[in-house]
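Two complexes follow with subunit A in common, the first pairing it with subunit B and the second with subunit C.
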Partner chain A sequence: MSSGEATVPRDRAEIVALAGSWARRNVWTLGLLGLLVVFFAVTRILQPNYGPAAIQGLAIAILPIAFAAVAQAVVVISGGIDLSVGSMMALASVTSAVLMKDQGDLFGVAVVVGVLLLGLVVGAINGALVVVTKVPDIVVTLAMSFVWAGTALLILNTPGGGAAPWLMAIISGPLGTPWLPKAMVVLAVLVAVVWIPLRRSTLGLSLYALGSSPLAAFRSGVAVGPTKIIAYTLTGFFSALGGLALTATGGVGAPVPGSYTLQSVAAIVLGGVSLAGGRGGVLGPIIAVIVLALVRTDLFFAGVDPNWSTAIQGAILIGVVMFGSLVAMRRVRV
Partner chain B sequence: MSGTAGTAGNTGAPRSAALTTSGWRRIIRDQPLIPLVVLLAALIALLEVAKPGIVSGNWVATTVRAAIPLAILAACQTLSMLTGGIDLSVGAVASMAAFLMATLATGQGPIVALAVAFAAALVAGLVNGVGIGLFKVHPLIMTLGMSLVVLGLMSVYGLLMVRSGTLIPDQILWLGSGISLGFVPNSLVVFVPIAALIVVGLRRSGYGRLLFAVGDNAVAARLAGTRVWQVLLALYILSAVLAAVAGILITGVANTATVSLVEQSVLPSVAAAVIGGTSIMGGRGGYAGTIVGALILTVLTTLLTVLEMPEAVRQVLFGAIIVAVAAAYTRVTGEG
Partner chain C sequence: MIDVGSDLLLSATDVAKHYGAVVALRSASLAVRPGEVHALMGANGAGKSTLVKILTGGVRPDHGEILVRGKPFAAHSPSEARRGGIVSVYQEPALIPDLDVRSNLRLTQSPVDATRHWLAELGIPDLDLTDIVRDLPLASLRIIDLARALAIEPDVLMLDEMTAALPANLTERVLEVIGRQKGTDRSVIFISHRLIEIAAVCDRATVLREGSTVGVVDVSAGSEDRIVGLMLGDIARGGPVEPADSSARAARAADAVPRLTTRNLTVGTKLSDVSFDLYPGEVLGVVALEGQGQDELFDVLSGSERPSGGDLLVDGAAVSFRHPADAIRAGLVYVPADRAEALLMQRSVRENIALPFTTPFGAWGPIDVREERRKVDKAIATLQIDTRAASEVRRLSGGNQQKVTIARWVAGGVRTMLCFDPTRGIDIGTKQQIYQLLRDLAAAGAAVLLYTSELKEIQLACDRAIVIFGGRIVAEIAVVDADEATLLRAAYDLRPEELMPDEVASAAVAVEATETSPAGPA
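This part shows the complex of A and B:
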């Protein structure tokens, strides 16, 4: 996108034009940000002492699902889908919890690195199966979700194990100002460190190209198979981060995948990633996760039965997607 | 076509003398039921070897009884997959129907309870169909969102109805878990007409052909005059009603009703359709294979239980087999 000195803006008009085009490209994310502000304001109105402590709780609670959403976003942008995200998270969570229990800090660091490598391997296996067997990705990853969930159960039958104290410490509490939870910083730094260089590299461009049109990508010289495998490998990596977050937030390993896979799909769709591929980023999905969490919080403060929140979450998902496709249909007609 | 029948026979003759690899492939492609039945027979044989004497009339009855609700849920997947879709809301809708039926049966009697259950399923299917057909929402997202809505609403409803408790009417128990003559599960009364209707309907009825047409090439189908949205609307309503039937049968087998009773059968229902040879890309498949697929999964579960495999190993093998079977299909049919 930006190629060095050529794009440095000189005068105000140019800056405004650039900002305008940026805003047009990111209209969905900006809309979500607006929604986030609205929901935050609603939360403050409903519960005037909703402050730093509550925000820290929120940041910790959304950490696993935020990583799951990023994991799903990467593979969907490249035109695939991974229904085994939740299972891979469970696998990473139990592996880390079993190995880390009652061990020293240094060993804990080794475990974290090992689990991230495991995530890369598991994701690469998913990707290789999709590429080699040519079976639709939904089927392969659905089946692999059984495999990884089963493996997680083999490692740990019931929630157990333990998390290294430093792992739990780096996500709890604030950093500097009490309004900035450490969990949010960890999320931002980890995602940014992987995603920003990736997005600016040829590989990142290939991922988007593959998602937009595999044939066009192939004809432009993108190595379709390897790029696909890399996309799934990255999904495995972020799923492993999600699994580590599960261990860190819960203090134990969670062998049952829960509904993270489905929640991740919901979050990316709300976050402006097109299921058809090639469109969207990782910031939108993360904001979507926070918005969905705030909706639940608001409903709770408003005294609504928590069971309603599941129904409302589903209704929001359907409503937003219907709205999105209406906009898309109008655009096609015009 | 009919004029070339003779020449086709001639070219076919030398090949059939020695069945080449491509010959096998043709058989598997054109008659996917044959290898599936062979696989099913092999699994049953393996089961008999693992635990001699287990295969009996009663075993057949309990196996078929367990496979029927799965096969009906897999019918929802088969039909929606033929159009290139998927219905992940079957678990929530089936649980909803079962739970509504069981809670209302205590006060309103079974007839009203069943009517409400089916009406609710119809509404859920209608909303799915409107979203997918008219608003062109991706079926995966639409049905996923729908299942969240249904599950949430049912949890709220469950808290309201916590006093009334649940009651599974005797007729439903008879239908779901009864076995007549020692080897005929009563649920066949429901299943045989449904299965016959779907198998024949997919091949012979105009609507059945439309499902294939939409899945094969939605644009071509639309240009040929098909109102694709009407086909999809009817499809997802039908799917929800079938899911309700399955849910009610499952309460009859399990003798309980909860808001998430059927949730665990959603992924196996997709698996049964995939193993049965229906392509998730649309346009290829049929219900007969799905029925055998549901039987294969049921027998496989029994086999792994008999072998005293832990649940974990069962899941791993389950996943591995789905990938293997799907890969074999893709290789044979040359898709992808």
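This part shows the complex of A and C:
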């Protein structure tokens, strides 16, 4: 709940009412959870021995994309878009891999902190360019995606370097029960630590306000320029986390960005973030990333040609978003 | 008491603002005493909205001094203006549509309990603060905006057309709450087109004309005429303008079928029960203050919006437009005030003129180039369009662009032309040409509906005028009577009684008094 005034629920009825209103506001996320359960069940049917080990693999595989989706969600909620997410991840990945290779644990920690700072700086540069030059965000970030990708290749032109052993260890293996992968816990903790305080702060409100209606936000006293720069800075930060995840999952630096930018846009759209800004959160996009990964898995187990499976993923994306808009339209009419 | 009263809460002196060569404000002054409700008045283009923007931090003045409680005030954003003691409620709600009410309050650091209190005072006590703003009706949003502003307890509360979107019962509550601010140490600046509200709630009124403050009026019974007089300036005292060649206007045949008829046309809450006839061979003027429903009327007639009720007849047959193409097919063509709405700015004059008449029958086939060229050349010649920069419309002057928007319809042959303020922001020479063109079109049998924000255009171009106020037609005025003073009075919905000659009026009042007053002493 977004309310800052602490309202202490007094009895069961009130708690139920609060839960009901939370559910009404997060219909999309709950629907996605339902979809996740469906796809998980389908996976179990197709592959009865799909168990803890497979889920471990899944959690590790989606970790970079999940961070990319969160990065994209933050900037899109504030009314922008960042096409350089994938390039920033590559830059963070190669920087961390080159610096960490054959170094001690302590130095590795310093590298992680340094790379996160690098992400903040790179994101702030993107944001400042959008605000100062007034060139459309899509153009600025597309151009900057080439700049960051080129920089990444200058640092490391083929996959190489290395990851600190502890970095690889914190995302592999289960935590407690074999069904709970460490990678999932790391994702949840890192996103929660940044997102929940942000969501409850005036800054978080300003991000939503800016995306929802820039004029009303200005009139409500939101500092439009600085807020926009902060949004891009946060995107840079989460992209850096994605880059570190790339290094940690692969064990080497990945200088070629792959398709993370477009996958992040697909995930936020499926995750209920409005591309027009102002609506959505980060939980939806993370669930969407898992759903999209499970679709790929299911199609693989079903023996579908991999080329067909990407086309089918695209069709599912359009279908789900269209269905969601239809439901939303009906709710408005009633 | 007296020395407190002489200390001004807000004083703006000699404020000026230029935009390039255009003077928006020449020398505006405003003095607001503590505890008063002060009206800010002015006709379209008088500089009212520029002064409001300066006081709310949206625009920086070129020069002039603004003091709040004796301290210099200079704001570069609404939040700075708020810190300086001025909070304003805008015409459109300044609430974030995707956040709930409580988050909106938190965003502006408004006290929740005080806002709740004012919400109750203003007539919506049971508002759920967790409602998403997007789902609330417009009237509630305006009330929330006002309650939020009142809760902050600013030195000066500025209300810009606060009551425009409100139903009558809420308007009453709002005026009552505003009235209660009198006698406190805070003040309200009240901007409204409704003179009745000004009279009901305001102590004094500052009147702007052509960018300068022309007078401050103590509001009392009968001061409406003074205010309107000040807004008009010299024109009110000057002789009537000679109507343009009224003798040439053909008398309408008694049995003529109207080209366009509206019956009880209604669009949401913006336009209600509008009925009029537009005959072939006439130019019918539409006069209205800003936002009285004229935009919706033209949107409906041009097929961009569907009416929520009422009938539309073309040549006596009922029609229903789903798309502007339907309206164009029925012969109703639209010339908007904003040229960018109508033109392909990067394309040539030729293509722009040819577009509407090649689209319907050219359809997907090849375009008949020779026929197109003939029509386009004729239209360019008729309108005397300067074609030196013909390769890209955006390089033409505003006047020439407007001529192109008209030419594209003239080229195809006009039956009914809907012009929405076609001379806005263009030079006087081109204006004259456009008036003449509209007259020529009417003389050739076309019907023209002309909304204009310049009242003197009515006598220059029209045969008669209808006046819209609050979404309703409140008057129909023949061209000979349509001088600026009459039109402006009608536009402010001052009752016609006030226009009667004195002896007639006093006689009417005497009759009314004897009829309605309870039996006096026998």
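Note that the second predicted complex is superposed on the first by the 317 of 334 C-alpha atoms of A that agree within 3 Å, B and C clash if a C-alpha of one lies under 4 Å from a C-alpha of the other, contacts with A are read in each partner's own complex, and residues count from 1 in each chain.
One rule holds for everything that comes next: contacts are C-beta pairs under 8 Å (C-beta built on N, C-alpha and C of every residue); 3 or more make two chains touch, one makes a residue touch a chain.
Note that the coordinates shown come from a computational prediction; the quantities given were computed from them, not determined experimentally.
**Student:** Check the contacts made with subunit A and report whether subunit B or subunit C touches more of its residues.
**Tutor:** Of the two chains, more subunit A residues are contacted by B.
**Student:** Between subunit B and subunit C, whom does A:S213 touch in the aligned arrangement: first, second, both, or neither?
**Tutor:** Once the two structures are laid over each other on A, A:S213 reaches subunit C alone.
**Student:** Considering only the touch criterion stated at the top, classify A:T202 as touching first (subunit B), second (subunit C), both, or neither.
**Tutor:** Only subunit C; A:T202 stays clear of subunit B.
**Student:** Quick check on the superposed pair: does A:G278 touch subunit B, subunit C, both, or neither? Answer first, second, both or neither.
**Tutor:** second
**Student:** Quick one: classify A:R12 as touching subunit B (first), subunit C (second), both or neither.
**Tutor:** neither
**Student:** Applying the touch criterion given at the start, work out whether A:L262 contacts subunit B, subunit C, both or neither, answering first, second, both or neither.
**Tutor:** So A:L262 only meets subunit B here.
**Student:** What is the contact status of A:S21 with respect to subunit B (first) and subunit C (second): first, second, both, or neither?
**Tutor:** second
**Student:** Classify the contacts of A:G221 with the two partner chains as first (subunit B alone), second (subunit C alone), both, or neither.
**Tutor:** A:G221 contacts subunit C only, not subunit B.
**Student:** Of the residues on subunit A, which ones does subunit B touch that subunit C also touches?
**Tutor:** After superposing on chain A, no subunit A residue contacts both subunit B and subunit C.
**Student:** Provide the residue numbers of subunit B that touch subunit A in the complex, in ascending order.
**Tutor:** My answer: residues 86, 127, 131, 135-138, 140-142, 144-153, 155-156, 158-159, 267, 270-271, 274, 279-281, 310-320, 322-323, 326-327, 329-331, 335-336.
**Student:** Can you name the residues of subunit C that touch subunit A in the complex?
**Tutor:** Against subunit A, subunit C makes touches at 77-79, 82, 90, 92-100, 102-104, 106-109, 112, 130, 132.
**Student:** Can you name the residues of subunit A that touch subunit C in the complex?
**Tutor:** Contacts found on subunit A: 2-5, 21, 25, 202, 205-206, 208-209, 211-213, 215-223, 278-279.
**Student:** Which of the residues in subunit A end up touching subunit B in this complex?
**Tutor:** Of all residues in subunit A, those touching subunit B are 81, 129, 133-136, 138-140, 142-154, 157, 262, 265-266, 269, 275, 305, 307-315, 317-318, 321-322, 325-326, 329.
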